[in-house]
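In the two assemblies presented below, subunit A is common to both, partnered first by subunit B and then by subunit C.
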Partner chain A sequence: MDRIQNHPILGESPVGKSVTFTYDGRELTGYEGEPIAMALKVNGIMIHRYTAKRHEPRGIFCDIGRCTDCVMVVDGQPNVRTCITPLRAGMKVETQYGAGAEPFPENAEDAMRFAKDERGSHPISEDAGKDAREEKHS
Partner chain B sequence: MFDIQEKLKEIGPYVPESDDDLLVCRCEEVTKGEIRRAVHEGITTIEEMRRFLRCGMGLCQGQTCGMLTRRLVARELRVPQSEMDVATSRAPMRPVAMETGGRDLGVEKPAAGGDAE
Partner chain C sequence: MKIERKEFIVVGAGPAGLSAAIEAARSGVSVTVFDENARPGGQLFKQIHKFFGSKEHMAKIRGFRIGEELLREAEEKGVEVVLNATVIGLYREKEIQVQIGTEVHHYKADAILIATGASENMVNFRGWTLPGVIGAGAAQTMMNLYHVKPGNRILMLGSGNVGLVVSYQLMQAGCEVVALVDAAPRIGGYGVHASKVARCGVPFYLSHTIKEAEGTDCVRGVTIAQIDAKYQFIPGTEKHFDVDTICVAVGLSPMTQLLKMDGVEMADTRGGYIPACDETGATSIPGIFAAGDVAGIEEASSAMIEGRMSGEAVAAYLGYASADEKALREKELEESLGALRQGMFAPKNRGKKLEKTDEGIELSEMLLEKGYIGDDEIKRFPGYRAEIKVHPVLECTQNIPCNPCQTACRKDCISIGDNITSLPISVKDSTCIDCGMCVASCSGQAIFLVSENPEKGTGEVTIPYEFLPLPEVGEKGYGLSRSGQRICDATVRRVRTSKAYDGTALVTIEVPIGYTDRARFYRKADEAQ
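What follows is the complex of A and B.
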């Protein structure tokens, strides 16, 4: 997924310093100072957390820091709203399961495969990103 | 305030709707059907609803679902929305790290990851 380079109202997007951070153990790059959620979306990651009761996947909803649907475990601290928290070099970003970073039993296998296999990818998040890309091209 | 028993007789039994599994409160995962059913069990104010189903009690404190819940309850009770009291707002309105409160007492410690509002 690409960033918006030229917004009709906001104008040209500032390009920050490229920094690396980790997402569920994998190294990714993003711009310093941009919201963590943006850096994840550019990398095709749409799922930020799984809910406590139904274990449903959640991602960006309001994107302005109100709905708390995009919260993740950042540097060990849970419930960090990634849509308004600036990205910094070396940040440790983890998917939040309920209120912590420990995967639910049904997600554990996927999470482990994702962390171990360098070429593999998070199955659901990769699919979600692919759909959006295909829509753009068609 | 109205007589709850009279009101329950007036609105009749709970009638399922096709979109009752629609999620209203995203934080506490409460559906439209659960809220509607609760009204027929005698929950007639938003404050009671928050304690009964926990809708609007999650991380966002009802900022996303507050108005939706109010509208659903008002419709189910057959009263205008303006007659429904809104839920009490309490600070903090955003998730705040515990140490942010601690700083008020003069304790300084750099925040990790989170932001203070």
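What follows is the complex of A and C.
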């Protein structure tokens, strides 16, 4: 997805310092200090991880560090919330499969089954989604 | 375990938390604010639109500027703000646990305010976990904080103020909003917010919801369908859209987890499952307070006042303010809060189906179902007036707490009166000098300046315009109706920008004389509809 160049209210977007990092071994560039997830998004990358049980793809969802959908393996460390982790030069960013960086034998085949939610949860906001569904249909 | 002492701890640096901190610090209390975010301000920093309310509520100022102002004030008063600090535990002894980095710190305070705001609700549909399905807050974070487009073609689910405002902001960021969908039969947010989206040509599908988000790796399309009164899909009503993003704005829930932890009494209300507290936010545990969205979903304007009331109450609780001082300030703040809690969208009216305005005028059903007022309907509202000379037409037809238009006009062409939820009146026989201040200060972008030139057979309409690129004088295009349809040719006659207009440009188009009552937006000739 593109960066916004000029915005009617916010004016010209600041241009950050361009740095390179790797995504699954591919070299990409982004702005230093912006969230890793934003750098991936402007490079067209939507899938951050595959869930442990059903191997379903997940990407940015809340963008404020709450849902854990965007976690990836960063510099070898799994479960890093890329939406709130600033990008640094030379970072090694990898798709997370379940809890690690080792790809599942198959990936997206069964991804579309109408699945039970496998979103992770923020330490103290886990019941927010549940409330919502009840409210919407009551 | 080392426990650090603090006098007054605030959890959450949003409008409620910061306002409380400022108010308490003003009385001499030493305040520490913790926020899990890297930047303070809470929701305010993503709000780039002009706020409602009246002057004392900072109406017509854009949300992020209000945030900057609060921060400056907090700094000035010596408030300590600790960022990247997630509060993970709260105990009735007024102790908290804070995670900063990988370390957990313990603090004990004499008073604690919980101002953690709200979290976004979710709704389940087939494919709802696909990458490309995002929360409305996420969309705002991407575009308004990080200057990245959330998507190219987007469907919005949810017609509350958040869904409406974010749809508009998505278009400002250069995205295409293909449809606005809501399961409810009527639009939940302000009519003026809906109208500014509708006039850009976005269709509204009420009584519809998402059947399926399509795609295997990420969102490639979406199918919506109509639902009946029992929320069952009606077969044959499916509609498909090619989209790459689905944005969900189906409401907020108070983030009360911390309060539940320490065992304060809770109450099930229209504003959600919230702590039982008095006007000042005092909970069932002495010294523990709650303010802002966490104490009932409302708005930043009310969150700020609630915060101030809590701050004042804490100062009194800690012995910094006398009972008299507290009572005086409380009364003042209560009045200000009371003014915001009036009108059609007041907490007490939630869930009610209203038929008429406070003035007894029948509400526009079209506005509630389609997002725009019917061409004939507008004439029954006091904001409408026909005249040849330039005059304001105020398409603001619901009782909302807002009055910057009245304040903006120095020529008394616009009247609301003392009750800020009354409908604005375009005053008969007043003399409009075409200064444009009302158009630019209207938070709902609902004011148009209209004039006619019968000899020439044309008329002019001045519209608020917050998109890029700005039209150029002399440029030819189309006048769009309230529903965003091309209805006539239009020539751009004037484009005004000014510091006083704060980012809103005023575009004056010339249209054939019969269209001055109908043309409400402009699009350049070669731009796709």
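To be clear about the criterion, the second predicted complex is superposed on the first by the 99 of 138 C-alpha atoms of A that agree within 3 Å, B and C clash if a C-alpha of one lies under 4 Å from a C-alpha of the other, contacts with A are read in each partner's own complex, and residues count from 1 in each chain.
Note that in this section contacts are C-beta pairs under 8 Å (C-beta built on N, C-alpha and C of every residue); 3 or more make two chains touch, one makes a residue touch a chain.
All figures in this text were calculated on a predicted structure; none of them were measured in a lab.
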(message) Quick one: is A:R81 in contact with subunit B, with subunit C, with both, or with neither? Answer first, second, both or neither.
(response) first
(request) Report for A:K17: first if it touches subunit B alone, second if subunit C alone, otherwise both or neither. (result) neither
(request) Look at the residues of subunit A and decide whether subunit B or subunit C touches more of them. (result) C
(request) May I ask you to decide whether A:C62 touches subunit B, subunit C, both, or neither, giving the answer as first, second, both or neither? (result) both
(message) Show me the subunit A residues, by the header's touch rule, that subunit B contacts in one structure and subunit C contacts in the other.
(response) 56, 58, 61-62, 65-66, 69, 84
(message) Under the definition above, what is the set of subunit A residues touching subunit B in their complex?
(response) 51-54, 56, 58, 61-62, 65-69, 71, 74-77, 79-81, 84-85, 91
(message) Please output the residues of subunit A touching subunit C within their complex, sorted ascending.
(response) 1-4, 6-10, 13-14, 34-35, 38, 41-42, 46-48, 56-66, 69, 83-84, 108, 111-112, 114-115, 117-119, 123-125, 127-129, 131-133, 135-137
(request) Note which residues of subunit C are touching subunit A in the complex, please. (result) 36-38, 48, 62, 86, 88, 119-124, 126-127, 129-135, 137-138, 141-144, 146-152, 172-174, 183, 215-218, 231, 250-251, 253, 255, 257-258, 272-273, 466-468, 503, 505
(request) Could you pull out which subunit B residues touch subunit A in their complex? (result) 26-29, 58-60, 63-64, 94-95, 97, 112-115
